[in-house]
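Letters A, B, C and D name the chains as they come in the text, with residue numbers starting at 1 for each one.
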Amino acid sequence: MAGNTFGKLFSLTSFGESHGAAIGGVIDGCPSNFELDFNQIQMELNRRRPGQSVYTTQRNEADEVEFLSGIFNGKTTGAPIAFIIKNIDQHSADYDQLSTAFRPSHADFTYHAKYGNYDYRGGGRASARETIARVVAGSIAKQILSKENIYFQAYVQQIGRVKAEKHSNYTTEKIESSPVRCPDEDASKKMMLLIEEITEKGDTLGGIIYCSIKGCPAGLGEPVFGKLQAELAKAMLSINAAKAFEYGSGFAGVELLGSEHNDILNPDFSTKTNHSGGIQGGISNGEEIYFRVAFKPIASLMQNQQTVNKEGHSVTLEGKGRHDVCVVPRAVPIVEAMAALVIIDFWLRWKMYSKK
Amino acid sequence: MAGNTFGKLFSLTSFGESHGAAIGGVIDGCPSNFELDFNQIQMELNRRRPGQSVYTTQRNEADEVEFLSGIFNGKTTGAPIAFIIKNIDQHSADYDQLSTAFRPSHADFTYHAKYGNYDYRGGGRASARETIARVVAGSIAKQILSKENIYFQAYVQQIGRVKAEKHSNYTTEKIESSPVRCPDEDASKKMMLLIEEITEKGDTLGGIIYCSIKGCPAGLGEPVFGKLQAELAKAMLSINAAKAFEYGSGFAGVELLGSEHNDILNPDFSTKTNHSGGIQGGISNGEEIYFRVAFKPIASLMQNQQTVNKEGHSVTLEGKGRHDVCVVPRAVPIVEAMAALVIIDFWLRWKMYSKK
Amino acid sequence: MAGNTFGKLFSLTSFGESHGAAIGGVIDGCPSNFELDFNQIQMELNRRRPGQSVYTTQRNEADEVEFLSGIFNGKTTGAPIAFIIKNIDQHSADYDQLSTAFRPSHADFTYHAKYGNYDYRGGGRASARETIARVVAGSIAKQILSKENIYFQAYVQQIGRVKAEKHSNYTTEKIESSPVRCPDEDASKKMMLLIEEITEKGDTLGGIIYCSIKGCPAGLGEPVFGKLQAELAKAMLSINAAKAFEYGSGFAGVELLGSEHNDILNPDFSTKTNHSGGIQGGISNGEEIYFRVAFKPIASLMQNQQTVNKEGHSVTLEGKGRHDVCVVPRAVPIVEAMAALVIIDFWLRWKMYSKK
Amino acid sequence: MAGNTFGKLFSLTSFGESHGAAIGGVIDGCPSNFELDFNQIQMELNRRRPGQSVYTTQRNEADEVEFLSGIFNGKTTGAPIAFIIKNIDQHSADYDQLSTAFRPSHADFTYHAKYGNYDYRGGGRASARETIARVVAGSIAKQILSKENIYFQAYVQQIGRVKAEKHSNYTTEKIESSPVRCPDEDASKKMMLLIEEITEKGDTLGGIIYCSIKGCPAGLGEPVFGKLQAELAKAMLSINAAKAFEYGSGFAGVELLGSEHNDILNPDFSTKTNHSGGIQGGISNGEEIYFRVAFKPIASLMQNQQTVNKEGHSVTLEGKGRHDVCVVPRAVPIVEAMAALVIIDFWLRWKMYSKK
């Protein structure tokens, strides 16, 4: 209930602060006797970690995961899988001015209002460093689901006003070969130039991530409040800086007529179009599931900003510390991880009740 | 877990099918000794009910709510509040052709895939008639929260391609005086004309609802997975035909720079702008919370459509039955109700832990 | 969280007061396409209902269950199954004196302390009439589990100081042929005489129920906090008037040595003895699961008692109304029902993760 | 759902195996800004730890707790509190023979049936070493509740057939001054002699713990399925080796008449007797809450035993390793910890809804 657990059958309880001893998590409900690929987990963490390219924050963390339980002889035992990633490269001194100032559009004021305290060192619990735990758990979920031929793929579709061309099928190599994870080469170049330009100005950029899930059987999701798209929306809006979610035709679908929007069924129960985004009545229909998530420009600027301190006195906040100008490329593995956590929960449930 | 319960401290368990005996629900965790205004509940149901104007389906249901428990001498007792709304005006014969055909972009195929059966009479459990239960529970939540000066207001901002002018503060009277619940008079007229035109064609229309929540104290919401916007997104995407959710700056915020997007704090901890949509770090900051929800055109057309039956054979589906051409005006009280269910849960939790 | 829901995958949300419109419940997560035997459900209700013999309260309720949803053409659809049992034979006037007095050892004072009100008419929500909902849901669970050859059998082992002989295998017919549900004929007769004697005195009697569950596969239950015995204990202690629970060797096992208590394994993994009560490490081992539940003498006497009213003034409570002298025989189907609700939840989970 | 989380508002997720890297847990929902007494936590761990006296196992673990998150400047922040206790003194080689044998009355066979594997090194997840996490979380709950004048006190009432005299009020010093935590000096001596005698024989002993909770306000607990005694029963039966639970009059209450059992109210709403054990209708009435928990003799013997291996072949299990002859004295702080976890959850909920 306190917000740090996601999932019911396959659940992740996350813990840790940006400048505390460690970030970590506990996965409960993981199927037993599954042989984990630890390199794969580390590879996903590397996609998220800071310092991976000049387009990301220079905080330098190896982000090596250490497993404490739930694994015996390389296989899951069915017991809870606890893991930690130690925090190493902390520059807490950078945050001294923050011990009294509330940073604009950060969680400082709201955490203080809620808890009567806030951890001014890098955002504490509100830091996006917390998403490390999601990537670890998501990577395990992806490994299990890939044996069922269910795959997740996200990429950057927009940064600032630079947009990739209309969606088409890209290889993972194509996406990952772009430092900003945009498979449209032309847009990718423009995005890098834009990041360089905005870095100069000490400002920040938002963007949009497109995610697709292939291979889901028909029947995942629950009716009414437990609709598949409702859980995906929750999962995505729980990511730091996410502001919007749309699946299938999304906002644009509003302007279509029903006769244009309806997905006509083929004799094999596939559909001729996929405005539904692979979900009808809250339940997967076997088509590709796809959605888009919008991220605001992050609030930590390398510019001076006016703000107030705890007493409500006006203070100037200097632009210090090491921050991403645009987090969107690093959010790609996080979007995939959260999608995988949603799907594995429904998939475990589906296995149990499935009529097949 | 099976998807029919929403909320943790103040929870609604919903039941019933479109053409079954009744739609109903059980509210658990409602504060005790609260004097209910039953007229207010019925008034909210009237805003949702079919047949309220020529712009809505002509299925004629009084939708009168009957309470079975949890209320003694007009006050809540703290025990679960069960209620039913009997189904009366059912034309099940209209659905005979559906007992073998899967309607395009409906839940017929996916329910069949999941459950091995589906209720072809008006969509059964997947019917939007289920939202009656949400409106009853939401109305009770709104009554409790209004004593705390927390208010909910939604209206129609777009139907098809007809858009209301930029958001401003409207009175509820202004919104409700429009048959399509659009307070921009000019747009409202155009929307009505559009609905008439599309009705002639036997087609359907989508739209966008804007919702604002005023009066929330700073401190509602949970960190990480339990962010206020994440629960709102889940709540909204759980409504039939909803395709997208954005709060605060939403998709448009992607194109702002951080220096444009940041909401600078005033000495009283209010903010000069509100791109954050009243939520920072997943927790309310005391500003107005606002968001938008997109609805697709509904899938039931008054046109013939090609589809397949359970055996995968091609069949023609005739356009029959009584359906809304555009559900968006009737979805306004549903959006408010779901928002109220989200807020009351966080508000109860806030009361418990609040430092004040 | 508010206490009216039991179970996770197969859940029952119960509602209703003794003297309200109806008692009812909503079952969510019931497997779909299961053909229900409605006579069987009514038969279970008849085992619980008042007025079934001279040894039970003479409140005369047919207790006929009416299903509102979740069933189509006699089969479960997978949607929530809502049901009500209307209250008919209410003598609310009997309770007038209670509107100010707190009955000793009832929930009057504690409900008033918790909710600021209490329903003095027959105990309201605290009445054992609420267990009707448990019997309906339990009966459905039992039907589903009986197809898997899992069976539940409870009987009365003690009333007051009259004890049945040591446990042995009894037929259901033998148990049900005793008006007090005690299969030991000699003890059964003594129990009936005791009830008659205590009825004369306007007093009440407690007792002990023995319950066994046969046919469970090895592997039901969860480790640590979710142990099978922990959920059974919770289920049993949630029944009105239950004071104690023991499984396997129970309290008596304390006096054995480990070498006497250990259940030695046979080559087919069955055990030579069953002090473990069919559960080891919180998980079923395939042997018979058995436990005992103690019930106090109910608190409603046909004698005058001294008590206090809401203002703390001393008042005399007259012995009025229609009450059981000993509820234990009627609690037999309730114990079975709660056991079935525990087992079906674990069984559904087991199906999902089972290695077989 | 997978069994490793306890509590809803104040929850503990536990992880770790006996011979893995560490035992640990994550506490979520702890009130913020609470100043922790770390010595107190360690002191509670010392009450539970092995090697504390000659009457406990000689496995020598300092059991020092290390906090990873949720604490800043000595106070709780409201973020999840993660902690680990490293495993140091492991003699895994002692368990080599177990890699194929199922120990009688252990979890080996049932874990294997459930998970397709089992951790033969000291019981793995099924080891009572897991209860360390409960003691840490319980100690924090006790600290918070002690500020509200709610106190927990447990002691050993019986070991084997040696019983302490009838319950009376003991000081904590009196209890803790006995190496077997039995405040009746005469019984304490007999218990120590009995343990010595049974140690010689390589056998083991069970026992009974009495626990009382003082200072609870009236109003803790939920009706129906969430009764306070139901949650206490679940909590106690989740402890390794626990076989039975009774509260208030318990099994003995069965033999009283209602007129003897009823607790008559005083003008200040206290009761003249307390057969109810401080709970009526599932909700605390402000009187002392008390209950008893029975523990079986543990299954690890220092004798040879016959058993079978995974293939069902008969094997002889040698009595090796370091085990308690009687765990009951060490279970005293665990019983208190679990009671505290139950009460804090209800107390947080009570604060939220309380009418006062």
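Following the convention adopted for this analysis, a residue touches a chain if its C-beta (ideal position, glycine included) is under 8 Å from a C-beta of that chain, and two chains touch if they have at least 3 such contacts.
Computed from a prediction, not measured in an experiment: that's the story for all the values here.
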Chain-contact steps, minimal, separating subunit D from subunit B: 1
Of all other chains, the one whose Cα centre sits farthest from subunit A: C
For subunit B paired with subunit C, centre-to-centre distance based on mean C-alpha positions, whole Å: 39
Approximate Å spacing (C-alpha centroids) for the pair subunit C, subunit D: 27
Averaged-CA centre spacing for the pair subunit C and subunit A, given as whole angstrom: 46
Shared interface positions of subunit C, touching two or more other chains: 1-5, 8-9, 14, 32-33, 78-79, 111, 114-116, 125, 223, 349, 353, 355
In the complex, subunit B residues that touch subunit C: 1-5, 8-9, 11, 13-17, 20-22, 24, 26, 28-29, 32-33, 67-70, 72, 75, 77-82, 84, 111, 114-117, 119, 124-125
Subunit A-touching residues of subunit B, taken from the complex the two chains share: 1-6, 8, 14, 102, 104-107, 109-111, 113-116, 125-126, 130, 158, 160-161, 198, 201, 203-208, 217-219, 221-227, 229-238, 242-251, 253-269, 271, 275-277, 279-286, 294-301, 303, 305-308, 312-314, 349-350, 353, 355
Partner subunit B, residues of subunit D touching it in the complex: 1, 8-9, 31-33, 78-79, 223, 348-349, 351-353, 355
